[in-house]
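Dropping the structures in below, format is structure tokens.
Two complexes come next, and they have one chain in common, chain A, joined by chain B in the first and chain C in the second.
And now, the complex of A and B:
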């Protein structure tokens, strides 16, 4: 037998603690986001075609199934954003001299504030 | 548990390459994919909630008919820097998702298939980037 010994781990290890479950939910947001990215490409492609093709897509978008799916994706995207901004200061601590800036401050300045700015610009560009 | 740093993956044992070089090679490959994961994670965190809300909720339920919406989409994307931002957000987010799915599959017991998973998911992300470039190029 070659290679290092790998200790067998039960398949449902992530159900053991709340922290593991949150970790798994965070990882699974990527499935929803990847699915949405494919939809976004279809949306942009159809918008580049004629009114008929785009109108058919809009009909689909107005269905309740689409609404539920988009709310799920929105929830996944929000969960990803919040966990990402909270994790970034732990992964990349910011230091000024010897002092380490508080994680909450770095999360706000490097995450939440730019997030609000970008979101406002997008909504303003669409609705304004 | 927190995937904040590129992991030191076990290098395959090849007799002609010294062990420390194998480790360095495996590590540099991981760093490359990890940097794409990191950039995509940041861009999707910043941009995607608003974009999802616009395309999924605002556009179908608030705005006017298909002609008016298409006109608005054209007005937005006709400026090439906007298309470049879209390409960056979509392409790097694909790599972010691919990295997470690959590592989640490995955590769920497919660690021995990490190379095959890498080909599958990173290959898919590359295909997604090409598709995004095609969609945004012919505007």
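And now, the complex of A and C:
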């Protein structure tokens, strides 16, 4: 008599459900964000060099490939931020006495509102 | 209506004869008020008495009839046939557990993990009965009540890909129950549980897929419990790092 049967886990287990696929996309977006942080470090390094090197980088940033990559990273960053802001109330529920504040309110007060405020301040600082 | 049928594709594994599991199709009378468990019981009573599965209360309380229904961990006593009719329903044993026979999984590893989480009240010193019960305010009860609703159905283990890939992962229900007692104002056992709960085979193995909370029939939100335990452990670490002589909470 054989013992208990152990079912193998398929290589593409993350394709089995929409929830697993969304999870994998959320995890992968962090690669884009890490990559963009490395780019920002390079950008700051170049900015400290002579005008010619910085000018060449700015020229490179105006190319269509750069524009597409930036849009891709923006999309990934938005997906990453929104999915994590939506999960925040689960990790940090806010209680007042016996009542728990609605999750949507915690996500807005703890995530979306500060995000909008910081974004507006940065836009104002850069474009103002 | 009385003549309509629905097909169940049922996972079969008989260790005395089968090397591999197979799927067997059964045509079952369709009733709008029948659940998958009713259909399985109909098969057992009328077609094949050897079909093996666990069940007990039929009312979503005992947590013993959990199975994969069309790939989703469900209590079969609350999965109505009308959700799937006229399409066939595929019934499999809970994922991420070894299959003992047909739809029955081995729960030994879960029982060991549950014990490790010490899901009971721990007191450093018990007060004598003459001093009465440990009192608790409604606000103190509200802090842990959601996590106390767990019925150990293990649907969360079947939904969690980390459980499948990391057999030593303590898992959603056990961590949620540890957190339930850590948040209980009458309990003093947090330090004892932390050795297990704050380890790399517990909260830090969790990647917050979140499916454990989606499938939980009692809305326990184990994913939330695990993230809250991560935050509490991180605060502990910083407290020790910044205040070496300080104590954990």
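Convention: the second predicted complex is superposed on the first by the 120 of 128 C-alpha atoms of A that agree within 3 Å, B and C clash if a C-alpha of one lies under 4 Å from a C-alpha of the other, contacts with A are read in each partner's own complex, and residues count from 1 in each chain.
The definition used in the following text is that a contact is a pair of C-beta atoms (placed from the backbone, for glycine too) under 8 Å apart; a residue touches a chain by one contact, two chains touch by 3 or more.
As the structure is a computational prediction, the values presented were derived from the model and not from experiment.
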{"item": "Contacts of A:16 with chain B and chain C, given as first, second, both or neither", "value": "second"}
{"item": "Which superposed partner A:98 touches (first chain B, second chain C, both, neither)", "value": "second"}
{"item": "Partner chain in contact with A:118 - chain B first, chain C second, else both or neither", "value": "first"}
{"item": "Chain B versus chain C as contact partner of A:6, first or second or both or neither", "value": "both"}
{"item": "Partner chain(s) touched by A:65 [first = chain B, second = chain C, both, neither]", "value": "neither"}
{"item": "Chain B or chain C, by number of chain A residues touched", "value": "B"}
{"item": "First, second, both or neither for A:27, with chain B first and chain C second", "value": "both"}
{"item": "Contacts of A:81 with chain B and chain C, given as first, second, both or neither", "value": "first"}
{"item": "Chain B versus chain C as contact partner of A:90, first or second or both or neither", "value": "both"}
{"item": "Touching both chain C and chain B, counted on chain A across the two superposed complexes", "value": "2-4, 6, 9, 14, 19-20, 23, 27, 87, 90-91"}
{"item": "Chain A-facing residues of chain B, complex", "value": "1-2, 4-5, 10, 13, 41-42, 44-61, 65-67, 69-70, 72-74, 76-77, 86, 90, 93-94, 96-98, 100-101, 103-104, 107-109, 111, 128, 131-132, 135-136, 138-139"}
{"item": "In the complex, chain C residues that touch chain A", "value": "13, 15-16, 18-21, 71-72, 95, 98-100, 106, 138-139, 141-143, 161, 164-165, 207-211, 213-214, 221, 223-224, 227-228, 230-231"}
{"item": "For the chain A and chain C complex, residues of the former touching the latter", "value": "1-7, 9, 13-14, 16-17, 19-20, 23, 27, 87, 90-93, 95, 97-100"}
{"item": "For the chain A and chain B complex, residues of the former touching the latter", "value": "2-4, 6, 9, 11, 14, 19-20, 23-24, 27-28, 30-31, 33-34, 36-41, 43-45, 47-48, 51, 54-55, 58, 61-62, 66-67, 69-71, 73-74, 77-78, 80-81, 84-85, 87-88, 90-91, 111, 114-115, 118-119, 122-123, 125-127"}
